[in-house]
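Here is the structure we will look at.
Going by the order they are written in, the chains are A, B and C; count residues from 1 in each one.
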Amino acid sequence: MTVVDPPEQSAGARAAARRERIAGWRVGVLASPAAPVYGALIGVFVLAWVIVTIDGGNFLTVSNIVNMLQRSVALGIVSAGQTVVILLGSLDLSVAQLISLSSLLAASTMDGSMANFLPAVLVVLALGVGVGLVNGLVITKLQVNAFIATLGTALIIQGIIQYRWTGPQGGIPNQFSNDLGYTRFGIIPMSIFLLAAVVVVVWFLLTKTRFGYKVYAVGGSEDVSKLSGVRTHRTIITAHVVCSLTAVITGLFLAARLRAGTPTVGTDGGYDLESIAAVVLGGTALMGGRGGVIGTIGGVFLLAVLDNTFNQLEFNSFLRDVVRGLIIIAAVAVYARRQEKKA
Amino acid sequence: MSTESATSGFGVGTDSRGRRFLSSLLSTGTIFLLLIVLWVWIAIINPTFLEPGPFLAYLKRSAPLVILAAGAYFVLVSGNFDLSVGSLVTVMVVVAAKLIDGEPSNTWPVIALLVVIGAAVGFFNGFVSTILRVPSFITTLGMLLVLNGAVFLWTGGAPTGALAENFRSIGRGGIEGVPWIEQLPWSVLLMFAVGAASVWLMRSDFGRQLIATGDNERAARLSGVRVDRVRIWAFVLSGVLAAFAGVLLGGFGGISAQAGLGLEFDAITACVLGGVVLGGGRGSVVAAMGGALTLEALFTWMNLQGISGALEDTIQGVIIIAAVGFASYRLRGAR
Amino acid sequence: MAEKKLLLQMQGIKKSFVGVEVLHGVDLDLYAGEVHAIVGENGAGKSTLMKTLAGVHPPTEGKILIEGKEVQFAHPAQAQAAGVGIVYQEFNLLPDRNVAENVFVGREPLKRGLVDRRKMERDTAALLEEVGETGFTPRTPVRWLSVAQQQVVEIIKARSLNARILVLDEPTAALAEHEVELLFRLVRRLQELGVGILYISHRLREVFQLSDRITVIKDGGVVKTLKTSECDQRTLVSLMVGRDLDAYFPERGRPEDLGDVRLETRNLNTALLRDVSIKVRAGEIVGLAGLQGSGRTELARAIFGADPIDSGEVLIDGKPVKFRHPRQAVKAGIGFITEDRKAEGLALAQSIADNMMLAVRTVMPARKRRAAGVMSNKELAEVTELKARGPEQEVRFLSGGNQQKVVLSKWLKTKPQILIFDEPTRGIDVGAKAGIHDLIRKLARDGVAVLMISSELPELIGMADRILVMHEGKLAGELPAGASEPEIMELATGAHEEVAA
């Protein structure tokens, strides 16, 4: 995409534009915040391929790659939402519990019948909007720090879950489960399309709408945004609603995969802290204002490649956790210098 | 605003000493007010609560969290987060079980090792968060994952071994034969000792430099404070106190892979309840520990009210939000 | 030339803050296509005046008319809507966004509900074209831009809001020589477009190169408005300063009271400083004068170990030192009372006692303090004439003067041999000022070597035994005690370098 050159533009300006077009890919791609994670992804991917192949496994097979993609869906969807919130300079620690509650509500509303599919989806979306509103309002109107506000929400939801459910909740109709959880178009699972759809929507919101621009502005500096007339509170609340919506969609998806709603699916997967890790790995600054969902997906894929490699090498799950933790720290340590805001 | 009169030096103004004391009491003391209200309320529902036995049982239960709250306080007040304490406590319990393996003579060397582990983890957290400039949120988050994995890697999947009786007695037992209260639990003694030490520490040069760093890092540095160094020490303290809490919890609750689950959030909640500001520079360690006692009292109260264990979390969530909302409201009003 | 349109009239503008009047009835007007310079020393009231125009704080009395119509601004957005644009010294930009995104933040053009990025970039390109900027494009991330270029972004941002009156507040303070030339061209372009420009600066060379008229502001009032062609630098300087020194200052030191050279720098070079060499003796108060951005604070920070040194030496008591952290400087006996006490001098949520103890705590453990006879908080409160309820009171509740006294006490506790003051009485009422002045002189008499940075010329002239003047990172010259304000200003503004027109 190039800037349109008005014919009367001076020679100097035209030269500058030309220079920038030529360097465009360099400017646009390499300097983008997502670049390092994709570089790391490629590096890790190659490394993994080599190591797994030496070990005697199959890495670069279609089924393995599809497997890795499949495993990225749940984390990918919720991380997309978390990206929006972190870009704003906020964060959401309630997503794990929300995922669990969403899966439970979906199962109990569908109650075994596909006829209840639409009501179930509506219930779950309403839940997302509601929780997102609560988070946003507590942060803006009650002026409570996002860490505490979403932690509080997480606890509130946790209590509700434990009160009402002690075990898995049946009621997911087989058809729904198969459709969303297990269908494939050729070799590509349906779930990938769900992930792609969510990512595209979030990407679209962030890069094409005024809301997205406001997210970046408020994340960059709330004061500058206010001075320029941005309604910061509205933006914060909307962002939290978006994040909660992705969380409930994740819950819906997981219910399909597991063929039931479960009270612990969110916390078992560590979706709260893992989604934050994926976002930060993807190059989005924890302070906000810079980054994007494309980078986050790179972070999610990176974690999926690591997981897959560990599986293939038969690393026990504990070693996996250790290496994962160290990689997150190391990656951010490398980025931390890039993310230093000009004082 | 200060009142100005003709004289100078301290003591200018119409406030008597008594009034000044009262107003400082009100600011850090709010949590203790809440605590006493809760205690009274519980006693009304269940009069035996204030008897030595049950009350000490309550203190025994609270001791680990009180100690963790002190550790969380040091890190929070200097402007950082430590999300790894929960996993660290689990590590303590599991490592103790495996190494002691039921043999009492191992107990004390192992406890010494636990303290070293706590200090080492704390040092790593501190170093990476200051010198390497990784946000402490991420460092300790990564450490949480590492610890969760590392300990079970080592034990091969599930906690193995057993704690010795003398180890368990730290968390469960105490000085026997004390008049009127019968048993003075070790955990309560340790809690008070940690409390006293923490208060002393915060009054010392180190503590004042720590809180100044959280309040205004630039001013602290330009006054000569070695900002990175004090922050690292805060993390080391957090790690060591996690070791203490682990010893108590191991004895009290037994070995479990979930021993420390969620404790970091409880510790931070306790601090926030006690008036510590996330971001640093404000709050007292006594109030943070008071916050921990209050949280435990709250759980006791909820139990007595017949609120099922489940809704405990919900109420905790509401209270946290309310407490911080109230605190930020007062902060804005005071300006 | 055709009759120019009268864009702006400010009549009888008065402004008070908390009962203190800082602007005493200022009259100012501006024509379309005119560059009207506003000059005056630091603290004369220039910024305050511009902020009343920009809607940051409304005037207490007086009228503002834009194109003949009276206006009242309660909020900066209203001023923007009326066509007043202001470019501050601290930019309001988002570093992680590009130029176009910054220019249109909050009001991105829409096409069918979505942000029309192409239009945004086209419009931004047009704005850049309009001012003749070719060094960057709408897609350049602001973080990549130099200070000068960021300033251009601020200017076109104001233009995009249809500013017909543009206020530039010290626009060249942070610019290099060649960048200043670019700014000048930009200003000329704007003039051609009919924009009226209020140009606040005390860089007189530029004022003479650019402006059509000059208004001199002193102590909150207009001294004179004249046509640029009808005056010269000397006249201007004498209008800007030259007041009677009727404020009381303590008696200066005598030459025989001076001791050895305590603090010395030799050919100090840092990012901003160029070969700065100074000497300060025990018992001496050396004043350091200069305009904003001339390097005074940078010199202090370099000496104190707060900023790295590129080359050159710092010597304490004749011995070279290399401070990598302020603590080393504190240990060596240097105290630094910084310019901005709230941002750099105090931990506002802490008590007076804690703030007073902060520096001495970092270098001396409690036992040693008692042995060394460090002054107690109570003693310091009395010596500095601090007025507060008690040592436990939180510093943020104190008045500015008292806060400064706490900062002073903090450094006095360390029994420094060298004290650097950066704007010691800024924002402090007259009564407290005198107290601090007396204290500084007493310290000097007790043998401390004092380096005093100040933008208040009377204070500098009244207090200093010698005055060093800095200009653009270099030492412009040295003046003896009791030098006149014009002499100082000439060195500070670089008039001495001026080639006769």
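Rule of thumb we're sticking to: contacts are C-beta pairs under 8 Å (C-beta built on N, C-alpha and C of every residue); 3 or more make two chains touch, one makes a residue touch a chain.
These numbers come from a predicted model, not from an experiment.
> Please identify which chain has its centre, taken as the mean of its CA atoms, farthest from the centre of subunit B.
C
> Pick the pair with more C-beta contacts: A-C or B-C?
Of A-C and B-C, it is B-C that has more C-beta pairs in contact.
> How far is the middle of subunit A from the middle of subunit B, if each middle is the mean of its Cα atoms, in Å?
Between these chains, centre-to-centre, one finds 33 Å.
> Roughly how far is subunit B from subunit C, centre to centre by C-alpha average, rounded to an integer in Å?
Chain centres of subunit B and subunit C, defined by C-alpha means, are spaced 45 Å apart.
> Which subunit A residues reach two or more other chains?
none
> Looking at the complex, which residues from subunit B come into contact with subunit C?
For subunit B paired with subunit C, touching residues are 1-5, 7-13, 15, 20, 24, 204-205, 208-209, 211-212, 215-216, 218-226, 281-282.
> Once bound in the complex, which stretches of subunit C touch subunit A?
Within the complex, subunit C touches subunit A at residues 76-77, 92-97, 101, 105-108, 110, 113-115, 117-118, 121-122, 125-126, 128-129, 132, 134-141, 143.
> Quick check: in the complex, which residue numbers of subunit A touch subunit C?
Against subunit C, subunit A makes touches at 3-4, 6, 9-10, 12-13, 15-17, 20, 27, 31, 208-210, 212-214, 216-217, 220-221, 223-225, 227-230, 285, 289-290, 341-342.
> Report the residues of subunit A in contact with subunit B in the complex, numbered from low to high.
So the residues of subunit A in touch with subunit B come to 138, 142-145, 147-149, 151-164, 273, 276-277, 280, 286, 316-326, 328-329, 332-333, 336-337, 340.
> With touch defined as at the start, can you tell me which subunit B residues reach subunit A in the complex?
81, 83, 128, 132-135, 137-139, 141-153, 157, 265, 268-269, 272, 278-279, 308-318, 320-321, 324-325, 328-329, 332
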